Amino acid sequence: MSKKQRVALLGCGFIGEVHAKNLVAHPGIELVYVADTDPSRVDMFSQRFDTRGATASQAIQDDSIDMVLIASATPTHADLLEAAARAGKAIYCEKPIDLSLDRARRVADAVLPLNVAITVGFNRRFDASHQQLKQQLRQGRIGEAELIQMVCRSSEMPPLSYLQASGGQMRDQAIHFFDLLRWLTDDEVCEVAAMGSALVQPEITRFGDVDTSVLLMRMQRGALAQLDNTRRTGYGYDERISVMGAKGMLESGSQKPQGVTCYQGSQIQQPGLFPDWFSRVQATYYAHLDAFVRSLNGESVTDLPGLEDGLKAQAIAEAAVISLAEGRFCQVALATL
Amino acid sequence: MSKKQRVALLGCGFIGEVHAKNLVAHPGIELVYVADTDPSRVDMFSQRFDTRGATASQAIQDDSIDMVLIASATPTHADLLEAAARAGKAIYCEKPIDLSLDRARRVADAVLPLNVAITVGFNRRFDASHQQLKQQLRQGRIGEAELIQMVCRSSEMPPLSYLQASGGQMRDQAIHFFDLLRWLTDDEVCEVAAMGSALVQPEITRFGDVDTSVLLMRMQRGALAQLDNTRRTGYGYDERISVMGAKGMLESGSQKPQGVTCYQGSQIQQPGLFPDWFSRVQATYYAHLDAFVRSLNGESVTDLPGLEDGLKAQAIAEAAVISLAEGRFCQVALATL
Amino acid sequence: MSKKQRVALLGCGFIGEVHAKNLVAHPGIELVYVADTDPSRVDMFSQRFDTRGATASQAIQDDSIDMVLIASATPTHADLLEAAARAGKAIYCEKPIDLSLDRARRVADAVLPLNVAITVGFNRRFDASHQQLKQQLRQGRIGEAELIQMVCRSSEMPPLSYLQASGGQMRDQAIHFFDLLRWLTDDEVCEVAAMGSALVQPEITRFGDVDTSVLLMRMQRGALAQLDNTRRTGYGYDERISVMGAKGMLESGSQKPQGVTCYQGSQIQQPGLFPDWFSRVQATYYAHLDAFVRSLNGESVTDLPGLEDGLKAQAIAEAAVISLAEGRFCQVALATL
Amino acid sequence: MSKKQRVALLGCGFIGEVHAKNLVAHPGIELVYVADTDPSRVDMFSQRFDTRGATASQAIQDDSIDMVLIASATPTHADLLEAAARAGKAIYCEKPIDLSLDRARRVADAVLPLNVAITVGFNRRFDASHQQLKQQLRQGRIGEAELIQMVCRSSEMPPLSYLQASGGQMRDQAIHFFDLLRWLTDDEVCEVAAMGSALVQPEITRFGDVDTSVLLMRMQRGALAQLDNTRRTGYGYDERISVMGAKGMLESGSQKPQGVTCYQGSQIQQPGLFPDWFSRVQATYYAHLDAFVRSLNGESVTDLPGLEDGLKAQAIAEAAVISLAEGRFCQVALATL
C-alpha cells in the first residue's frame, strides 16, 4: 500500500466540513492541519476531526504536508493556489479559481509551469451515473453525440448574501454543467445563447443575477446542447443529462431515494426526488478526492478536472453572462486560453 | 377478400353489447340477427345495431347463418352450444360451457364429433402484452418456465345477485388465469392448493364464496405457479403476469392509461391503473373475435381457446373449489377429460 | 342527436387518408365527396370509403355541403380556404395556412370577417396527456408556469422531396410545438433564439434547412421555454413536454406501447417508444375532428385552434427561421397580427 | 453521549466480516475481541480490524465486555447464547437460534428469565423501504392488510456444502420473510401451504431440500399471504413486498442501483437489479446493529427482533417444511411457544 498523503484543509465552512469528513474517512489520507481565518472554527474542526489547527501559510510552508485542499472563501482561492503550488504541494481547489476569468488565467499562467498535481472541484464528474453515460458514449453505443439536454435545478434559493457573492447563476451553478458537457463529449463549446429571469426572487436583479435560465450551446464538432437552471423547484433537486446520437439516446436521469409506492384510487404515488442538491451529489466529493489520491499514487486517472478545465468552464460562463445581459449569441473565447 | 361471416348474436345483456359493437365494426362480419328472451332488449339491440331480431332457435335454424355468438345467461350455454353445433354453425361461446363440469363434459362429448369450429370466451389470451410474453417464452428467451406469478384483481365487488349466480370466485374470475397459465406455458396444472376468505363482503359466505384468494399450482413439467384474486382493490384493476426461467424473467405488468406525472414536494404522482376490468381488457374481445373469423377464413390461428381448453380450465377451478373448501391440496382430474 | 355534418374532403394523399378514415368512422359526419387533382386517387378514395368524387370547386359550391376538410398540398390551402369561407362552409384546414406568413395574413384578413367556423390542423392539442397537463396547469396545481421543456423528435428523415417543399424544420415540424406552447400556457412567445445544424443529412443545407435544432423562447408573462427538434432519433418517436412552476412540475412524458419487460443478467429491457410520429399522434386527428363537430353542434369547445392561432404559430416560426439563419435573438412580430 | 459499548465478535467467517466492518465503523462501539475456532482467522481479523484475539469463553467471561455478537457456525449459537446470557451480556445473535426448534425453545426458556437484551439477526426489518411500508401501513394509509405478496429470490445457488448444513430453503432463506410478514402486519401466521421443487440443482433432493418454492399463509386476523423463494434467478437479486388493503396497495419494490437508461431501436434498456443479495441488504446490517446499540443506550426502539420473534419465525418454517414434505396444509404451532 502507498504511503498516506498528509493533507492540510484550508477553510472550515460548510464545504470544508464535507471535505473534512471525507479526508478522515479515506484510508490513504492523514488530515494533519485545518486552517481558517476564524479561530473558533479551527478549534471546532481540530477537536471534531482529531487534528491540529494552523494558519494557511504555516500549513503550506510545512514540508511534511503533501497535499492542500482549498475550501476557503472564493476570493482567497487564487492566492492560496499560487502559494501552495510554489511550495510544491498537490492541490485540490474548490471551484472557481477566481470570479475574474482574467485573474484565473494569470494564476494558471503562473502555476502550470510548476508542474504540481492540481484538481479543480468539478466533483459532478464523479457521479456514478454520469460516468456510465460517458463510458457508453465513448464506446460508441449511440454513435457521435448530436443533441445534449442538461437540467440543473436546485430545490431552494440560497440566502441573498450567498447569491450576492456567488458571481451569478452562470458562474456559480451552471458552471458545473459547462464542465460536464465538455467532459462527457470530449468536445468544446464554441457559441452560447442564454435567456434568464429572476422569477423566484426579483430583488437579485439588483446585482444583475437571475434564478431561472435556459441556454443553447453549439459544440465544435457540431453537436447542439441545452441547459436549464433554476434555484428553486418545489419538487426536490433535479439533475439529469441525456445525450442523443445517431443510434439512440443515453439518459442519466433524475434520481430519488428508494422507497414505497402507493397505489390508491386513480393515482400512483412514488417517493419524490432527493430533497436537495447535497443529498444527491454527496458521494461525488469522496469519489473525486479518492480519484485524486489514486492519481497521486501513480494510478492513471482520466477524469480529473485540471486547471485548464477550470478556465474553460469559466470561459463558457463568461460568454453566457454576456449573452444573458446583452440578448445576443456569444462566441466562447477558447483561443485565448 | 373472404365472404362476410353472417352472424347471429344470442344474448343482449352487458356482454352481448360488447360483442354487438365488435360484430358491427368487424369488416368480415355481417350481424344478421340478435336474440334474447327479453323482447324489449331485442328491439333495442336491433334498432341500435341496425339489424333484425329473432329467437335463438330461429337464428340457429336459419341456413344462411354461418356463425353463432353465445352471450346469453350461463345456464343456457350448454343447450345453445349443442343446438348450434348440430346445425353446423361456427360457434363463439362465452365461458363457462356450464357451471357443472359434468354437464360441460357431456356437451363436449356430444359436440366434438360434429367437427364444427368452436371457440370459448377466454379473450384474455388476446391481450397484446400477454401474447408478447408467450411469444418470447416460446422463443426460449428465459429458458423453461420455473415460477409463474399471476395477479387478477378487480376494482369493485359485483352485485350480490351476480355473485350468487356466478359459480364462485374460482369458476367465475380465476378461471381466466387457469386458462392463461395453461396457454402461456403449454403445460398442464396437476395440483392446486387454495386459501380464501370473504374479507370484503362477508355475506357471500352464505353461498360458499370468497372475495380474496391465493393459490398455488404445480405444473406437469415441474414449474410452480401462484395466483391471487380479489374482487375489490381500492386502486383500480390490476392484472399482471410474470414468468421466471433459468435465464431471466418476463413480465406483462400492471397497465395504466397514459397521462401526466406530477412532481411535487417529496412525492411523484402518476396516473393510476385502469379504473376497472373492462377498460383494461376491452380490446381483447375484438382481437379474439377477429382471430376466430380469420381461422374460419382458413388462416392458421394457434391461440384460439377450444372446447377442451374450456373443460381443462374448469377442471382446475373444480380442484381449487375443493382445496378452498376442504383445506387440502387437490389433484386436477386431467385423466378423465 | 344533431343532424349529420355533410363533409367534402379535399385532398386524397397520406393525410387525406387519415382524415377519410376518421370522417367515415364519426357518427356525426357523412362523407359526401372526395376531391383531388389526381383522378385515380379520387376513384380509389370514393370506392374505398363508399362515397363520391368531385372537383374541389364542385364540392365547395354544393349547397348541401356543411363542412370542408382541406388536406390538399400546402400551396393550395389559401385559395381553398378563401373559397370555402366565401361559400359559408365550416372549415377544417391542415396547417400551415400558407408557407408565406404574409399570404396567410391576407387570407385571415379576408376570411375572418365572414364569420365561418374554422379550425387549423394543430391536432396535438388533442393529445389526452397534453390536455391533462393543461387542465392541471390551469387549476393551479403547480402555480404559474416558469420553465417549459419540449421535445419533438421524429424517428426517421422524411424524403428529400418532402423536405424541399416543407418550408423547413421550423415551419413544418416545430410549428406544432409553437402552438402547444401558446395553448398550454395561455401566453404569447415574444422572443426566440435558435441554433440548428444538418447533422443527419447535410445536403438539406442546399435549401437552407436543418434537421437538428434547439430553441429558447421568452414568454410575455416571463416564463422561459426550450424546444429541441430532430428529424431522426434511432429510438422511435419522442414527444414530451414538462412545465415547472413554483409549486412543482407537470410532465407529459415520452410514450410507448404496452408490452413485456424482460429482466436478464444485469439489464432490464422494456418496450421502446412508439416507432414513428403517426403511431403516437394518430388518435389526436379523430379527437380534433370530433371537437370541431361538437362545436359546430353548439357545444362550447375551448381548445380548437383557430385561424389566429395558425398565424401566431407561424409568426414564431418566422422569428425562429431568422434566428437560425442570422445567429441572433429575434423578436416575434405579434403586434402586426 | 453514551459510553461506548465494548463488544466481542464471536465468529470470523463471511458474516463475521460483515459485522466486524460495522462494529469498527460505529461511533458507539469499541470492538475489543474477535474469536473463532480457527486461530488463523483470529489473527487475520485482529490485525485487519486493529483489535485483540480471544477464545469465545474468555470473551464471554471478561467483565469489561458489554455485548457479544454471535456470528459463528449455526450449531454453536445455542450454547454461546446461553453462556453469554448467563454472563449478563447484551447479545446480537445471528439467526437461527438453532436448527432444531425444540432446542431453540429450550434456549429461550433458559435465557428469557435472565432479562438480558437480545436481538436475533432478522436484519431485513431495517430495510429503509420495508420500514416505510410498515409505517404507512400502521398509519392506516391503505386500511387493514388483506393480501400480502412477498418475493425472495437469490441470484445464485450457494455451494452444496452450504445448502447441506443450512436446514433447507424454509429455515435458511424463507425465514427472513416469515419474520417480515409478522413484523409488517403485527399479526401471526396460523396456517401454511407450500409447494417446492429442486428445479435448479436436483441433487439437493438427496437431503430433502428444494431451490424453488411457493407458499400460502393465512394470518390470524384473516389476511392471506403469498411468498415465493428461489435460489437462482438469472436476473440479479429480487426482493419485494406488496400489501393490499381495502383502500389501496403499498409496494416496497425490486431495487436496482442508479445508472444509465439507453433508448435504442425498439427497446429501452435500464440497469438491472442488484447483482446479489448482499449488495441489496448490506445497509440493513449496520442499521440493525445501530438500533440495538441505541436500545442499549436507553432509546425506545420498536423494531428489534427478539428471541420470541426468532422462535415464531422458526415455527412457521417448521410448518412449511411439513407442508412441503407431506403435501398438506399445516397449522403453525403458536400455542406451544
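By letter and in written order, the chains are A, B, C and D; residue numbering begins at 1 in each of them.
Simple rule for what comes next: a residue touches a chain if its C-beta (ideal position, glycine included) is under 8 Å from a C-beta of that chain, and two chains touch if they have at least 3 such contacts.
Predicted, not measured: the structure shown is a model, and the values here were computed from it.
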Distance-maximising chain from subunit D - centres being C-alpha averages: C
Winner on C-beta contact pairs when C-D is weighed against A-C: A-C
Subunit A and subunit C: spacing of chain centres that average the CA atoms, whole Å: 42
Between subunit D and subunit C, distance of the C-alpha-averaged centres to the nearest whole Å: 59
Residues of subunit C engaged with two or more neighbouring chains: 142, 233-235, 238, 247-249, 263-265
List of subunit A residues in touch with subunit C within their complex: 142-143, 146-147, 149, 151, 153, 191, 193-197, 199-200, 212-216, 218, 222-226, 228, 230, 232-235, 238, 244-249, 327-329
Residue ranges of subunit B touching subunit C (in the complex, touch as defined): 128-129, 132-133, 136, 141-142, 247-253, 255, 257-265
Residues of subunit D that touch subunit C when the two form their complex: 233-236, 238, 256, 263-273, 275
